[in-house]
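These notes open a run of structures that come right after.
Two complexes, one shared chain (chain A), two partners (chain B, chain C).
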Partner chain A sequence: MALVKCDGVCKSYGKNSILKNINLEIPKGKIIGLLGPNGSGKTTLIKIINGLLETNSGTVLVNGEKIGINSKKVISYLPERPYVNFNMSVKELINYFSDFYDNFDSDTAYKLLEKLNLNPNDKLNTMSKGMKEKVQLILVMSRKADLYILDEPIGGVDPATRDYILDTILTNFNDGASVIISTHLISDIEKILDEVIFIKEGSIYLTGDADELRTSKGMSIDEIFREEFKC
Partner chain B sequence: MRWEFDNDRPIYIQLVEKLKLFIISGQYEPGSRMLSVRDLALEAKVNPNTMQKALGELENLGLIYTKRTSGKYVTEDKKLISKFKDEMALEKVHAYLNDMKSIGFSKKEAMDYLKMSKEE
Partner chain C sequence: MLGKVLKYDLKSMGKSLFPLYAGLIVLALVLKVISFITDSVSAFKFVYNIMFIFFIILVIGGLFYTFLVSIMRYYKNLYSDEGYLTHTLPVGTNSLLFSKVVSSLVYIVLSVIISFISIIIVLGYNDVVSVLKEGLEFFSLCFDMSVFSIAMWAIFFLLLSYICYVLMVYAGISLGNMHSKNKIVFSVIYTVVIYYITQMLGVLLIGIMFLVNPDIMSQLDQAIPDKEYFIWIMGCGMGLNLVLLFTCYFICYNRLKHLNLS
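Let's turn to the complex of A and B:
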């Protein structure tokens, strides 16, 4: 059974059609790149899978069940915009997460923080942008989830921070879990992807195994993207 | 750098090439135990699935083998390793000769250049 199955998913705001008949299956144990230009519908699709938006038509199943309490238990989501209270200290946030989620592992979180030389009593609003992003990623990756959905996890951070983020993703996702990474910074992440989903103007444009696409097109995923989405 | 990749060629093929080189060069000694798939993937900063696929390929070539309970090992068959070493040496020689040909040198001239560089 697929981890996530989207069937004919449509979403519009008024006359504005954002997602048009999305059919998609996310298998277990894969790292998947959800790639598309700005405004292509990546975040909308992610919000639907997370139960933050309703579809106009079509269904989304997670582990064979409709979106709800059970799907939220198994999906760990890093939104594109900051979502935690920056007035809280790291320690307070860890307690908050561990109250909120059964599958949150505080030990993992503290271990990852140690590597950053962070004082758990520091409040987030005293930290740099890159550090805030790292802390939020740590919180998300410290849950033992079936699916991690990371919306633009490497946007706007320096290359060293990018490497740290990719490392953290590779080290911490569960065996058998899947990761969806949405981004338009493809060259930085493409070597860790199993599969890619190209989304364009609200439709699935191309899907496939990353290495097979490289073989058949003789190009990197980044080059394929540039080719397909040429303005 | 030990692990570097061109994004325009399949990553798993490049992993096979790299691992083969480590075995041929003796960096991974015959009969030694390999790191786990996950640890190797982390070291190379690639997806564990991709590393798994590459190791499967090396296993098909006979360069590594799996002991049921304790993981993967480099082959002890030194003849096989030197066979792959010869193969790689020939590939490099062909590549060199082709490069020299493309800038207009005959095989003999290419060899003269080789000798010259040795004397330097």
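Let's turn to the complex of A and C:
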């Protein structure tokens, strides 16, 4: 059984069609790149899988069940925007995650914070933008989830922070879990991807195993992307 | 999960409201000290008067601020960026919504209690309690009910009315967030529309009451209507409030169930 199954998913805002008949299966134990230019529908699809948006038609199943409390228990989601209460300290946020998610591992979170020399008593509103993003990533990756969905985790950060983020993702995701990384900065994440999903103007344009695509096209994923989405 | 959601709602609202409570008590104590000095140094009378006016503003403003904090908590926690976390918690919609209602009730009760204590500090226990007692005894005699019953009914009616207003704004925010742009403007518009619909229903209710019993109109003009009519009027008022409460709750619940967080 696929971890996530999208069947005929459509989403529009008024006359503006954002997702058009998306049929998709996310397998277990893979790192998947959800790739597409800005405005292609990546974030909309992610928000639907997380229950933040309602579809106009079609169904989304997670572990065979509709989106709901059970799917939220197994999905660990990092949105593209800051989403925690900045008036809370890191320690309070760890307690918050620990209270609500049975699969949250506080020890992992504290260990990751220690590596950053970060004081858990510091409030987020006293931190830099980059540091806030790192804290949010630590919270998301400290869950033993079945699926991690990371929306633009490396967008707008310096190369050193990108390396830190990718390393944190790779060394902390649960064994047997899948990771969906949405980005348009493909060259930075290409090396860690098992599979890719290209999304263009709200439709699945290309999908497949990353290595097989490289071999068949004789190009890197980044080059395929540049070729396919040439303006 | 309701307990956990409630814990964080109470904590978050407390961060905004506890400084107000502390300020009210401190100001009341300062006023009390100044009132002692005023007895011997008349020059302090002016300072006392100015501070007393500020105290009254703080008491009234504090209650309005409590209402505002409830509304802000609802909007920020469910419909702003923070909603991305709230709505990905493994928590049912009813728990999220019910917790907001309960926490706003808890804090209005607490705000009233703190205001009451601060007024007692400034004016003295005997003065405040005797005024309150006199009022309750008067109504008790008018309506042939015990003081305790009158007090309980008054508290119930005030809390019911308060929570109706809170839910009215919650519903306005929920409907306003159906739009992709100008959400706050639409939230205000929907709240005003719901308010006017309620007022119209109230007028309609009075009309129906008049048709059922024409004598009731003369009772509405009286400061203290007869017991029989009083129960009628209060009963209808409560009925209308309950209808409003459940309608607004349903609107909020329905919008959260069909979430479109943009």
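Worth pointing out:
To be clear about the criterion, the second predicted complex is superposed on the first by the 231 of 231 C-alpha atoms of A that agree within 3 Å, B and C clash if a C-alpha of one lies under 4 Å from a C-alpha of the other, contacts with A are read in each partner's own complex, and residues count from 1 in each chain.
One rule holds in what follows: a residue touches a chain if its C-beta (ideal position, glycine included) is under 8 Å from a C-beta of that chain, and two chains touch if they have at least 3 such contacts.
Computed from a predicted model, the values in this text were never measured in an experiment.
In the superposition on chain A, A:96 makes contact with chain C only, not with chain B. Judged by the touch definition given at the top, the superposed model places A:53 against chain C, while chain B stays out of reach. Of the two partner chains placed by the overlay, only chain B lies in contact with A:192; chain C stays clear of it. By the document's definition of touching, of the two partners only chain B reaches A:215; chain C does not. Of the two partner chains, neither chain B nor chain C is touched by A:176.
In the superposed pair of complexes, A:167 makes contact with chain B only, with no contact to chain C. When the two complexes are overlaid on their common chain A, residue A:159 makes contact with neither chain B nor chain C.
Touch criterion met: A:223 reaches chain B, while chain C stays clear of it. In the superposition on chain A, no residue of chain A contacts both chain B and chain C. For chain A in complex with chain C, the touching residues are 13, 47, 50-54, 69-70, 72-73, 75, 77, 79, 81-85, 87, 96, 99-101. Residues of chain C that touch chain A in their complex: 1, 4, 7-8, 12, 15, 81-85, 87-92, 180, 258-262. Here chain B touches chain A in the complex through residues 5-13, 41-42, 45-50, going by the rule given at the top.
Within the complex formed with chain B, the chain A residues making contact are 29-31, 163, 166-167, 170-171, 187, 190-194, 210-212, 214-215, 218-223.
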